[in-house]
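Just passing along the structure, written as structure tokens.
Labels run A, B, C and D following the written order; every chain starts at residue 1.
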Amino acid sequence: MAVRVAVAGASGYAGGEALRLLLAHPEVEIGALTGNSSAGQRLGALQPHLPPLADRVLEETTAEALAGHDVVLLALPHGRSAAVAEQLGDDVLVIDLGADFRLKNPADWEKYYGSPHAGTWPYGLPELPGARAALEGSKRIAVPGCYPTAVSLALAPAYAAGLAENEAVVVAASGTSGAGKALKPHLLGSEVMGSMSPYGVGGVHRHTPEMVQNLSAVAGEPVTVSFTPTLAPMSRGILATCSAKARPGVTAESVRAAYEKACADEPFVHLLPEGQWPATAAVYGSNAVQIQVAYDPVAHRIVAVSAIDNLTKGTAGGAVQSMNIALGLDETTGLSTIGVAP
Amino acid sequence: MAVRVAVAGASGYAGGEALRLLLAHPEVEIGALTGNSSAGQRLGALQPHLPPLADRVLEETTAEALAGHDVVLLALPHGRSAAVAEQLGDDVLVIDLGADFRLKNPADWEKYYGSPHAGTWPYGLPELPGARAALEGSKRIAVPGCYPTAVSLALAPAYAAGLAENEAVVVAASGTSGAGKALKPHLLGSEVMGSMSPYGVGGVHRHTPEMVQNLSAVAGEPVTVSFTPTLAPMSRGILATCSAKARPGVTAESVRAAYEKACADEPFVHLLPEGQWPATAAVYGSNAVQIQVAYDPVAHRIVAVSAIDNLTKGTAGGAVQSMNIALGLDETTGLSTIGVAP
Amino acid sequence: MAVRVAVAGASGYAGGEALRLLLAHPEVEIGALTGNSSAGQRLGALQPHLPPLADRVLEETTAEALAGHDVVLLALPHGRSAAVAEQLGDDVLVIDLGADFRLKNPADWEKYYGSPHAGTWPYGLPELPGARAALEGSKRIAVPGCYPTAVSLALAPAYAAGLAENEAVVVAASGTSGAGKALKPHLLGSEVMGSMSPYGVGGVHRHTPEMVQNLSAVAGEPVTVSFTPTLAPMSRGILATCSAKARPGVTAESVRAAYEKACADEPFVHLLPEGQWPATAAVYGSNAVQIQVAYDPVAHRIVAVSAIDNLTKGTAGGAVQSMNIALGLDETTGLSTIGVAP
Amino acid sequence: MAVRVAVAGASGYAGGEALRLLLAHPEVEIGALTGNSSAGQRLGALQPHLPPLADRVLEETTAEALAGHDVVLLALPHGRSAAVAEQLGDDVLVIDLGADFRLKNPADWEKYYGSPHAGTWPYGLPELPGARAALEGSKRIAVPGCYPTAVSLALAPAYAAGLAENEAVVVAASGTSGAGKALKPHLLGSEVMGSMSPYGVGGVHRHTPEMVQNLSAVAGEPVTVSFTPTLAPMSRGILATCSAKARPGVTAESVRAAYEKACADEPFVHLLPEGQWPATAAVYGSNAVQIQVAYDPVAHRIVAVSAIDNLTKGTAGGAVQSMNIALGLDETTGLSTIGVAP
């Protein structure tokens, strides 16, 4: 019997990507589609790339509209998920694509989001140690941020193997869809095409504490992250360049071995052959993560680079992957590692 | 039992797209992958977006390598297919993604390609009148050019209904992948980004006689096509703006009605609701065709616009669609109308 | 003594481009900068590419702010210029970058803009027959639309020489800056990158009557224009593909000769050598117009293609060129034909 | 009397940019234009954005062709400049846009370039301490690499003020023109559009020792640089994100003060107001450098970001700036800080 899934926030980029993936998921039946200002509109006018759903009309995001589903995906602005989630029964699998339930430390939440902490849900990055066990059978899942997904997967092998000092430096480039459909002047096509620019510099980006939380857990000690996000002239994709000083005795061989071991059994994380580097185009529309790592013997740093599609593995694909685990399905059901390139 | 498919020219864009689609095709098993200068290389180095085939090594394109398959897809430079095809048995389904067997008139071939005509195979644009019948059970298929696909589907409804005068004017924009992986200065990223430019102006583009052939057949009389292709700063997609003078008595309503009728039962051709216009982003990576049409009462012209993905519906998706028909499978098997957007 | 120029609407793309050009103009001193919602802001925050003006603060657009200048450039939304202009003295040169005073026929204005017609000013496309004489000493100038600039210059030589039938077909691609800084969903970078789409199809785009007006004047008889604009994934540039049926007896040679004659003495209009085609990248940031023309002997059409920078020759550069003529300066003062490429 | 300037390598991107700037230089007369495989071609076919030089024909790069000029700009592939330079008289100002004469340490050259070291010329980054004095009256100038220009200007203020530990981490994104016009598959438009990818990871990029040389000189002690370049989907621009651990006692205020002091009198280096961040679009085609800096109190790092146009300030503009100093002209002659945006 099909799993019935509702999507709240179906007009946005995260919601649209969730629908794209769910349409290809063999166990899923798509139920209610809801929106806020877009309620009453045809989905075909909002998401013209999804013809099978073109004639569906968005409902208001209410507890009534979302009732009667096995799974509810919340693709809402940050801070809105808690109020909706508490109206949904404990037997419904609620998957939050927003930030509300990612952080464990209420002080971190309050510092970065400026509102009371709503709680902490099992974290939907199955590749992290212990994550799959926490997701199995869970009825609540917090989907990671797109940057923390790329960065945690790039650096976790180094920290898990004790190869890196506990101060990481990350510079990541993101496509503009990571900023959503909000109408802001700096997101206009005329502004972003042909331009690279940073934002949230100096540790103020909200994804910083999430990276710190993940990498500290893997390292078993506090890790700091100097994180600089940049906006790149492309619609999709994150390229994260992550480095940390190598601990004494580290060699190119020990680094390679640690990454090979960490990625060996992961269905979506691909350590590339030596000499080949990640490119966001190669994971366009796919749930795959491309990773490569180098050891710089002069600067004595481990440099790991990862490429993901921010909307797929970084958002909706990660959500479906975790949903599969929670529901007891094969983790890869309905998800592909094949990108659309060139 | 799976259909075993070989791909000759697996290192190029058309070959890569064919593999992307075949990997998702439930009835297909991918057999030999061959190349020319790329023989001996790992596919993962050439097509990094296809991880399930990353460790496959390309063979030389020979009759031996291509033997023993149910289907052979030829994604070779123009003029190279005939020599390969004649070495393949009559019981093998040979699908040519090149131009060699598209034109019926040897004089057209010689004028536009400057070499002897190799012959004519059943034409793989199932939406044209009579095309499906010719493809059923066929062992040879000529896949249409990308521009002729977009243009023929946009204008055929008008000519089929007798609404348009027999002089069509077409201006089409194509993504750069339509020009293939050839190393030419004008295809460098530095040259194409931020720039639009025409080429092959004045009726000299090789896809012109193919459009003329298709539209004349539909109209039942000779149709001329003034065709101007332009190169657009994007990797994929064709937007074809096609117009013709309306015959006396034509109205907006009669135009709309003709298009609704023509598109009604087509699984891949979507006439958009009035007021919504095609966008190549909406068909990115999909086999869908978006069409819209307007009647200009002042200029007295019918203006039809179509959007396709040049590599999918315009090349490899069209090939798979025709392959399905030839093999007696459901025409839509393994093909999606869902685009990857934004 | 310097010419003192005020710019109303200095926060938008047209206003910013005007400032970029005026900063390089040896006879100009930049006076008041005004805005509407942006009044009170530093120009450096709105136009970060203009460091010499970074610390200037925008004033409200009022008659007082604009008083005391030799020239006032109005870069306002359509329909707003008349109210401002009538408060400026007859001795002030007022140059309207908006549409308000372009059309001669009030019925055309009312049909396409839906408001009362404000009047007609000398038309700032000096390359059209008679235009320079009307601009010399004029105190009011209507700057042409960006599309009409590209299209009129491409087709005027054919109509002036009596080579073309009076039904033109135009398909033009424009960069997104042509749509201005308005916050509309379809102008977001995520939507426009990687996509081509048409709009205003079927003769409804507001620039249509302006093209008709220009080409009919050149031809000496009514000319219809089937105009389809498309949005291209680039910030700047217009590529206009324009064609018309050739009159009997026209040859490739007669077409070439007509274009050579028409472009021979124009400082900004460059007919390219045969075999070379326009590219918008080549005129990026420049006031040049690249033109090429072909005669298609099968479709019997003249196909002319032009490339301009929509913000420079298509808007602010055209304004400065006409300002120079009106002020009795050399027409090319402060303007360059050199593009920024690649 | 005009300064007569020859450009060797006029067909490439660096040579073309040099010509663009020299055409606008009031003291310069452009002399011989030479090329290698492009000798004999019209410049208009190779650099269509430079109409004033369109009919010039490239000569072979020989001592004869380059004789009789006051200045010779060498825009040649790395390793080719020495042989040409030694044939030019000591009274000619020779400016090398290649790498040949940048490094002081022959061992660095041999390690990174694999050939014998040709020597060291005065270094054309006037903003570095002592650089202007070395350039005044010099007859030989080594123009810095594009990445070292962006990185050295971003970090020099921190090292000059003794604020930063001596291990820098740099991730920089470059437009594709930085890779030149070489016909390589990964530089095709189809490959670069929509994609970000790194290269030369782990300290192997040839610009690394140049950054080390510059920053160590400023710091007065050896500085290591972990440098990761990435290729961005745009034609022009470098965005360099540079960080280093702060020395004890450093505060946001002391960092700001150091950068304000360092940038105060520089005509081309603009420290942006607090809260505003660099964007490559803002310096498109200009010789300006946008810089912003933040202090991250949690990661305890100074993060400085710079944006330049890699072809202008990063190559040809830097060359003209240094030429002006060497010739005793005002340093800013013929150079603009105004970008072409949006």
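We take it that contacts are C-beta pairs under 8 Å (C-beta built on N, C-alpha and C of every residue); 3 or more make two chains touch, one makes a residue touch a chain.
Treat the numbers as computed from the prediction; the structure is a model and nothing was measured.
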*Measuring centre to centre, with centres taken as mean CA positions, what chain is farthest from subunit D?*
B
*asked:* Applying the document's contact definition, name the chain pair with more C-beta pairs in contact, B-C or A-C.
replied: B-C
*Rounded to the nearest whole Å, what is the centre-to-centre distance of subunit B and subunit C, using the mean of the C-alpha atoms as each centre?*
37
*Separation of mean Cα positions, subunit C and subunit A [Å, integer]*: 45
_Which positions in subunit A are in touch with at least two other chains?_
13, 175, 177, 188, 190-191, 193-194, 233-236, 279, 281-282, 284, 342
_Going by the contact rule set out above, which residues of subunit D touch subunit B in the complex?_
13, 175-177, 179, 181, 183-185, 187-194, 233-235
*Spell out the residues on subunit C that touch subunit B in their complex, using ranges where they run on.*
167, 169, 171, 173, 175, 188, 190-191, 193-199, 201-203, 208, 224-226, 228, 230, 232-237, 239, 241, 243, 245, 277-282, 284, 292, 294-301, 303, 305, 307, 342
_Using the touch definition from the top, list the residues of subunit D that touch subunit C in their complex._
13, 16, 20, 23-24, 42, 44-45, 47-52, 177, 193-194, 235-236, 270, 272-273, 276, 279, 281-286, 288, 290, 336-342
